[in-house]
Every structure is written in structure tokens, then in C-alpha cells.
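Each of the next two complexes has chain A plus one other chain: chain B in the first, chain C in the second.
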Partner chain A sequence: MTKRQAELGSAAVFVLPAVAIMGVFIIYPAVATLVLSFLDADGTFVGLRNFITVLTHEDTINVDRFPGRSPPWGSLIHNGLWIIVHLPITLLLGIILANLLHNIIGGPVIKAIIFIGMVVPMIVGGVIIRFLFDASSGIVPHLLRSLGSEGLVTRTWTAYPQTSLAALILGSILLWTGFSLTMHASGLSTIPKELYEAADVDGASVLTKFFRITIPMLAPVTSVVVAMTLLWEIKIFDIVYAATEGGPGGSSMVLSLQMYRYAFRRLDHNLAATVATILSMFTLVVGLWLLKRQRKGEGA
Partner chain B sequence: MRKVLFIVAATLIVASTGFAAGAVEETVPTLNVSVPWSGEELDQFRPVVEAFEQRENVRIRYLTYRAEDLASVLPAQFQAGQTLADVIFMWDWWIRENPQHAIDLSEVWNRHEANIVPPAITTGGKVAGVPFTMVAKPGFWYRESFFDEHGLSEPASWDEFTELLQQIGGISGVQNPIATGNGVGWPITDVTEHFLIAYGGPQLQLDLIDGAVDWQSSRVREVFENRIVPLLEAGAFSDPIEWTQAVELWWTGDYGLYFMGNWITGMVDDAGDLGVFPLPEATAIVTGPDTFFIPQYSDQQELARRFADFLLSEEGQRIRAETGGKLIIRNDIPSSVYPEPDQAVAAVVAGMETTVPDLDDTIGGDWQPTFWDQLKLLWVQPDQLGDVLRRLDQAR
Partner chain C sequence: MKRITPGRATQYVLAYAFAVVWLIPFLGVIVTSVSPFAEVVRGWWNVDIRNMSLRNYLGAWAHDTMPIGQGIGNSFIVTVPATIVPMLLGSMAAYGFLRFRFPLRTTMFITIILLLAIPQHMVAVPLFQILNGLGLINTYWGLIVAHCAWGMPWIVLFLRGYFSTLPMEIEESARIDGAGTLYTFFRVVLPMSWPGLASVFALQFTWVWNDFFLALITVYHPDRLVATQRIPLLRGQYHVDWGILTSAAVLTTLVPLLVFILLQKYYVKGFVGFSSK
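Coming up: the complex of A and B.
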């Protein structure tokens, strides 16, 4: 046996268990799901029919109501809105709070409190959201009433189609900001002080230092936060399931919950697999983007 | 080295003690029973189980699973030839659509069938699931003390009903006359079904179950347009509130009436203060069985059969009737066995011309959550009636 063969042999010993586990628990189910999405219940190949069925159904995209009328607008649009609203806000809040709480007395305690949202199981988070926005026991409607607001925002947000999705997105910001904050806070601690000292010598303002040093130096962390947040938003399920079950009238339905309903309510595993494949394609795009950025970072 | 030896020896001693304890425990056969109940509802079931445990010298282990959760767990388990419990309480429609996973309970069923009111789930000559208890949805619950305090009385006509709602709405501290339970969505569908049966007739419920009539048909639309929607628009119903919270708020006087099944008797502080009335024109109410099956993957099938036999027996049913909260399924046990509030429910059932099955529980599938969800929408936007009925037809 040559040295090369021996090396390959020992490499195989280390790699094979992982490959076997991934093959059984990740690759096989993923391939089986992909195959299912191109079949009907009898196992006949139907091409893209399942995809057309899902994507043209008003549960997925409701062109009659979006954007002129109140939700439901369809799960795909709801997921899209979630990303458009939730991602920038959690990202900005994370960066701003991480900077504000950096090296101040009590900062770690406040960060820990904000991080509680991440520690709470998301299914519990959903219940919390339901009560946060409840007309009789929720803090949000009470606060708005005390500020003189009237109308829907002072009622139970999760009960009305106009406000249910907003309640979920706002609640999810509360739950997820801890992640962005913690990641950026750890990123801040890795920025060399010398950079700020040099900027001080050059007479740079606080804002200049923030935009010219802090933000660029945090970019790798921000990429990870963006990718992880996007993935979370795409596959969001538990808080919706616990808070509204996608309602009322489908006004807070999301793709993962739609997949669940197809699989375990309609018992239509082909349509469920189709939604799963669509979700996987979205996550793949995000994953590839992150990979590309990381490689770019390594190459720089 | 001595330390290591000591730790190894101690571990072995502890482990062997554990094995020994396990071995002793194994000598008593254990039956795993999955039930959808917890708290007070489970307590009402326990005496039946304890009687069986004593009789058979076995141990019953409860696993509390909601049907919604079982629906996502069981398919994968059964596919792998496994089961989480030897006896499983589950939705009727689910058992009916998955009979291949259940053992045949014909022998047990045939022994008791003559004295049992609701039917079993039978497919191809095989009894796949059998009922144990029944829930009834008798009408609007109220506190007798609340009615006495405000000089209110049960209505005898639609006009009296609407007048009662106005009177309740005028009481200081009352937010809405009727509390609307929410959560999964069934509390709203229960009250809707009651209106459909009362003003569309029991046959309408049966036709809707069979798919013989459309939701957009005039028979259905009239009930909504003439009865439900005007009440919603007049603010007779509250916004949907999480249902356990709704019970508490109704009990403390924030609302005057609450529509729910008879298991409410186990959820209030003083069941003796409960009163209930159906809509005045109702000639039928909904009853629904709590159905169970024995998966063919159970390794305790014989014991599970004996347990099933006991649950259906006169003795098992009598014990269950005494604890209240549910109606029993046998017709050879007098209603005087029930606690007082359940006797009132039994009286409502007896006063009806007939009973009908629960609409959404019978249809099940993806239509059921759609029904829940669309009614939640209607409750806050009654002007959406047309869209709601269209979606219900579309989902059917």
C-alpha cells in the first residue's frame, strides 16, 4: 500500500460515517422530496403540474387582493413581506443596539434581556405574541389606547386580517433582534482599537468612524446575520402556528404552514413536497449567496 | 486508579439497581393510552382507568396528545411499524381514512353494540374505531346567579333571544352579550353549526356533511344573512378571544353568554351555577363521540382489547358518567347517574328530536382548518360573507 492509498483509507474512515448519516437523514429525504414533487398520488410523473398548482393557487399568491385590498395576499407574498420588513429592522436594531450597549455599564445585562427572545422556544414566542397584541390583556393595544389611538390597533391584532401579519412580524422582530444584537456585539469586540485611535488622530467624527470603520469591519458578521435571518424568515412556522394558525382567513399564512396543511391535513404529500422544494430553492439561493461572500472574504 | 475503580463500581451498582427496578416494573404489564385530555378532563377519565387497573392488575400510562399533534406524528410512526401508544383517541375522520393501521374491534363492538347509541367506524366489515364518550354542544351557557341578579330568563323565541342579547348588552361592565372563543377555531364553528341546525334544520347539517348542498346555496346563505351576520354587525359577539381566557372572562361577568360543549362543566369553579339553553327553534343539537382505535403495531393488543371492552362495558360507562364532563354512549344507564350540570345537558339532548354529528369533525381533512379560519374572518368582517362562503365551497 502506497502512502497515498493509506491516507485515502484513513480519510475514508473519518468521512464515511458522516457521509452515511448525511445520506440517510439529509440527502435521501431531500431527493425523495424532490422526486415526490414531480409525481401525483399514484406515483405517475406529472412534470411541473404540482408547481403550477401551488404557485397559481390563491393561497400562495392572491393577485385579486394584492396589493389593493387587505390580506390575505397569499403565503409567498406574506413570506416576502416578512423579509422586507423584518430583515432590515432586526439588522439595524442589532447594529445600533450593539454599538449603543458596547462598553457601557449594564450593557451585558441589557443585551442578555434582549437575547431572552432567542432563548424562548418559538412556539412559546407565538403564544407570547398572541397575548402581546390581545385587546384585553396585551401591552400593545393598551399602550396605543393610552396614547389616544383608536380603531383596529386598539383591538386584538391577531383577530383581524388587516393587523394579524403585522402583529406576527413585529413580534418576530422582538424575538429575533437578540440574535442580530449578539452577533454584532461579538463582531464589535474583534475590531482592533488601533483603527479607532488612528481615526481619532485624523480627526474623524463619530459618524465617520461608524460608517468607515465599524460597518465595513462588521460586514462578515452582517452577512451571516442576513443569511441566517433570511433562512429563518423563509421557513418561519412555529410562531405563526401558535399565534394565528395562518388566519384569520389566511391573512397570515406562510409557506411552511401551507406545506404542513398539505401534508398533515389534506394528506397530499406531493403538494407538500412541492412547497418543500420551493422553500429549498429559496434557501439554496441564500446559502449560495453566503458561500460566495465567504469565499470572496477569504480571497481578499 | 482507585478513584476510577470506585467510579466504575458505583456506576455498575447504580445501573444494576436501575435494571432490577425496571425488571420489577416489567412484571406488571403496562398499557400506553394516548388521550387528548389533561387537567380536570383527565381527572374525570382516571376513575375508569383505575378500575381497570385494579381489575386486571395492570398499569396504564397516559400520554396526552392533541389530535392535531397526532396527525403529524402517527403517519411516520405507522410507516415504520411503530406506535406511540396501544390505545389512541383520535379524530373520527382520520381513523376512517386510515383504517389499515387499526386492528379489527368487531368482537368487542358486537358484545356491546345493542346498547350503544353512536355508531362505530366501520370500513369493509372491519370495526376500525369505537366511541367511548360523547360531547354535546347543547347551546348557550350562562351563570344562573348572573341571570338572577339581572332579572334575565331563558328565551323562548328568536325575538326573545335578540331581546335577551340587548338586555345583557345594556348591563354595566358587560363588553358584549356573547363571548367568542378562539384558539384553534372550533368554538366559532360550534356556534355557527348551532345556528345552521336551528334555522336551516338538522337535514342541512347532514347535507353539508355529505356535500349535497353548497355553502353558497340559499339554504345556507339565509341562515348567515338573517341570523348570524345581523348579530355580528350589532356587536352581539365579542372579537375572538383565546377560548380558555374567554371562559374566564365570561365567568367573571365580562360577557353574559358563552357557547361551548358540555366539557365546560369541568372548567368552571362552580358547575352548580351553570345554566344552558339552545336556540329556541333548535330541534337538534350536535353530539360527537370521543373515538379510539388500537394500532396494529401495538405489542399489547390483547390487553388493549380488554381495555376497550371495559371502556364500552356497563361498569366502565357508569363510572365515567359519575365523574361528569362527558355524556356516555350507552342507553341502558339512567341519566340520574350524572352529576347535576351534566343531567341538564342530558335533558337538553333528550328534549331534541334528534342529534347530528359535528360538521367539521366529520368532514375533517384540510377543509376543517379552512372552516375554522374563514369563520374567524367572518366574525371580525361580516361583510366578507360572500368570500367566506366561496372559500368554503372551494375548499370542499
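Coming up: the complex of A and C.
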């Protein structure tokens, strides 16, 4: 046996079991889903018909109601709104908190408390959201009442189409900020002190140092946080399932839950596969963007 | 000792204000879980501390229709093998991708990275059909296998990065002494890699324990549901028994919380390392 053959043999022993299990239980099913999205229930090829059906359906985009009337606006719009609200807020909160908690007494404990949102199962996260916005047991309607508010915001947010999506998005900020914070905090600790000392010598203000040193030095971490946050928002499922099941009346429906309902309640595997494929196209765009950025960062 | 400047004082006030905002929801859940239902409906901030008890916990643990105790037992049955097996196979593959040259190596590795971006929904229907064909729906084996596959891409990616930081000299001297690749890997490389393996353990264990979707599509038998599956079923349709629901939530969270507290350093390194490499 030559050295080369020996290396191939070792490679097979080390790599094949993992590759085989991923091939059978991830790659094959993913390809099968892709194929299903181009077929009808009888297995006939229908081109893009399923995609047109899904994308023009009011479950996905409800042009009659968006944006003039209250939700349901369709799952794709809901996911989009989730991104528009949740991404900038968690990103900013993470950067601000990382700086705020840097070098203060109790900082690590506060970081750990905020990170609990990432440790709890997301199904529990959904319960926490429902609890926070409950009319009688929830602190949010209670606080709004004591501030003099009236109407819907003092009732159970998850029970009304006007407020259910807002409750979920706000609650998801509470759960996810710990990720952005932890990533940025570890990024901060890698910035060389000398940069700040040199800036001090030049008489730079706190804000100048923040925008000229901290933000640019954190950029690689920030791009990872943006990508992971986008992936999370696109795939969001558990907290919606636990808090509202997409309701009431589809007002908090999201793509992943729509897919689950098509597949496992209506048993329409082709439309379910189509929704899943649309989901994957979004997540793959994010994944490819991150991959490209990382390769550029490594200089390879 | 630093001087207290107005800027520094503001920093402290803001930092602790944020801490309070984040603490309140979790505090609310814990207070509710030890309070009688009649008091919670008036708001957990009004409860009488003298009436607190663990009755809700007993009620949730041995619930009539959805005992969370049984769910936690089932979650352990699934999570332990679904953590150990992918750690073993994933670490071997990570080492293989790093140390050996073979055809399609780069293509396979890029594919594995891209698998990280695919949602579980993309595999749901065919995965159900495969497991159903194998008679593994409603068994722990089906769910365990699904988790083994699902955890594999990031474990391979993370550990390949980790192994690449190890010094080559030790491995080389083992090889010069005539050790085979398997021996070198299990007796030399893995023992040196325990911090990386601790990160993998912490995160994979937490992800499997916290998973809901894979369990939802593979396990249907009421007695076999894992802990996370039972929580939405304890909610009730019209009237929510917050005491029972929050105790079940706390009990289910206790395990990943303990993993986080005990392995915090490795947990965070897993997060940061896995995303930055």
C-alpha cells in the first residue's frame, strides 16, 4: 500500500461516517424538497406554478390588507417587518450594551442575565412573551394602564390581530439581544488598548473614539451578527408556535409556520416544499454573503 | 482606583437600568411559578410572599395529561446520545478534512458550510418520510438520528478550526513513534482538544435539549413527547394556568441554564469561535 492509498483510506475512515449521515438526513431530503416544489400532487412537473400559487396567495402576501388595514398581512410581509424592526434594534442594543458594560462592576453578571434569553428554549421564550403581554398577569399592559393608556394595548396583546405581531417582535428583541451583546463584547476585548491611548494623546473625544476606532474594529463581528440575526428572523418558528400559533386569524403567521401547516395539517406536500424552498433561498443568500465576507477577511 | 466622573456615573445608571429591564420578565416567570393562581391573575407584582409554595411545580411535574417530569426524562434519553454521537463522528470528520487530502475535499467542505444556512423546514417532509419508511417515527432513535445529522455541519466546521490551532509537532512525534492515524487522533489529538470539545458539548447539548421542531415532526405518541413539546400543550385553549405553565417552563429551562452556568466560558467561545472562523 502506497502512502497515498493509506491517506485515502484514513480519510475515508475519518470523514465518511459524518458525510454519509449528512447526505442521507440533510442533503437528500433538501434536494427532495426542492424537487417536490416543482411537482404537483400526482408527481407531474408543473414548472414554477407552485411558486406563483404561494407568492400570490393571501397567506403569503395580502395586498388587500397591507398596509392600510390591520394584520394579517401575509407571512412574507410579517417576516419582512420582523427583520426591519428586530435587526437594527438588536444590533444597536448589542453594540451599546457591550460598550456600556465594558469594565464596570457587575458587568459580567448583567451580560449573563441578558444572555439568559439565548439559553432558554425558544418554546419557553414564546411562553414568556405571551406572559409579558397578558392583560391580567402581564407587566406590559399593566404598565401601560398605569401610564394612562387605554384600548387594545392594555389587553392581551397576543389575542388581537392588531397587536399580536408587535408583541412577538418586541418580545423577540428581549430574547435575542444577548447574542448581539455577547458577540460584540468579545469583539471589544480584542481591540488593542494602544489605539485608544494614541487617540487620547491626540485629544480625541469619547464619540470620536467610538466612531473612528470601536465601530470599524467591530465591523467583522457586526457582519457575523447581522447574518446570524437575519437567519434567525427568517427561520423564526418556536416562539410564534408557543405564543400565538400564528394567530389570531393569521395575524402573526410567519413563513416557517405556514410551511408546517401546509405540510403537517393540510398535508399539501408540494406547496409546503415550495414555502420551504423560498425560505431556503433567503437563508442561502445570507449564508453566501457571510461566506464571501469571511473569505475576504481571511485574505484568502 | 478610578475617579467617578459624570460620564462614568451615567454609564452605571444606564447599565443597571438595562439590567432591571431584562431581569423583570424572568423574575415575573419565577414569582408566578411559586404563587397560587388566584393571586397571579391580579399580577405577579401583587402576590403575597407568605402564600408562595412549590405546589405548581408538583402539579407540572406530575400533570394529569402532560407530565413535564416524563418529558424531561425523555429529553435526557434523546439529548445524551444526540450530543455524544455527533461529537465523536463530527470530530473525526473535522480532523479528516484538516489533515488528509482526498478528492472533492473543498467541494464537500463548502457544501457543509452551506448546510448551516438551510432551515430545518427544508428537510422536514422527506425526513419524515425516510424515518417513517424505516419505522423510526414515534421512536427516540429517529429523533436522535435527525439531531446527529443536524448538529454535524457546525461541529465539523468548529472543530476543524479548533484542530488547526493545535501544534503539529506532537502529532508528528507520535507518527514517528509508529502510531497509526486512529491512535494519534484518539490518544493524542482528542485529549489535547478538551476545551474545544467542551464548547461543542455545551452548545450541541443545549440545542438538542431546546429543539422543538424536529421533535414536533418525529414524535407524536403522548407518552414519548420531549419536554419542549409539552409546554404548548400545557397552555390550555382559553384559560391559561400560569402557575403550571411557568413551572414547566422553569423546569425545562433548568437543564440548559445549568449547562450555561457550569460551562459559560466554553459556551461563549463556541458561539464566537463558530461564527468568526
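Some notes on this structure:
Basically, the second predicted complex is superposed on the first by the 283 of 300 C-alpha atoms of A that agree within 3 Å, B and C clash if a C-alpha of one lies under 4 Å from a C-alpha of the other, contacts with A are read in each partner's own complex, and residues count from 1 in each chain.
In the analysis below, contacts are C-beta pairs under 8 Å (C-beta built on N, C-alpha and C of every residue); 3 or more make two chains touch, one makes a residue touch a chain.
Owing to the predicted nature of the structure, the values given are computational and were not obtained by experimental measurement.
The superposition on chain A brings chain B into a clash with chain C. More residues of chain A lie in contact with C than with the other chain of the pair chain B and chain C.
In the superposed model, A:117 lies in contact with chain C only, and not with chain B.
When the two structures are aligned on the shared chain, A:32 is found in touch with chain C, with no touch to chain B.
In the superposition on chain A, contact of A:160 is made with chain B only, not with chain C. Using the contact criterion defined above for the overlaid structures, shared-chain residue A:242 touches chain C, although it does not reach chain B.
When the two complexes are overlaid on their common chain A, residue A:8 makes contact with chain C while staying clear of chain B.
Shared-chain residue A:264: touches chain B and chain C both. By the document's definition of touching, both partners, chain B and chain C, reach A:137. By the document's definition of touching, neither partner reaches A:80: not chain B, not chain C. Across the superposed pair, chain B and chain C both touch chain A at residues 130-131, 134, 136-137, 260, 263-264.
Only residues 130-131, 134-137, 155-156, 159-161, 245-251, 260-268 of chain A touch chain B when the two sit together in their complex. Partner chain C is touched in their complex by these residues of chain A: 7-8, 10-15, 17-19, 21-22, 24-30, 32-33, 36, 97, 100-101, 104, 106-107, 109-110, 112-117, 119-124, 126-128, 130-132, 134, 136-137, 139, 142, 174, 177, 179, 182-183, 186, 206, 220-221, 224, 228, 231, 234-235, 237-238, 241-242, 256, 259-260, 263-264, 269, 272-273, 275-277, 279-280, 283-284, 286-288, 291.
Across the complex, chain A is touched by residues 7, 11-12, 14-16, 18-19, 22-26, 28-29, 32, 40-45, 89-90, 92-93, 95-97, 100-102, 105, 108, 110-127, 130, 145-146, 148-150, 152-153, 156, 181-182, 185, 206, 209-213, 216-217, 227-228, 231-232, 235, 240, 242, 245-246, 249, 252-253, 256-257, 260, 264, 268, 271-272, 275-276 of chain C. Residues 71-72, 75, 97, 182, 184-185, 239-242, 245, 249, 254, 365-366, 368-369, 372-374, 376-377, 379-381, 384, 387-388, 391 of chain B are the ones that touch chain A when the two sit in their complex.
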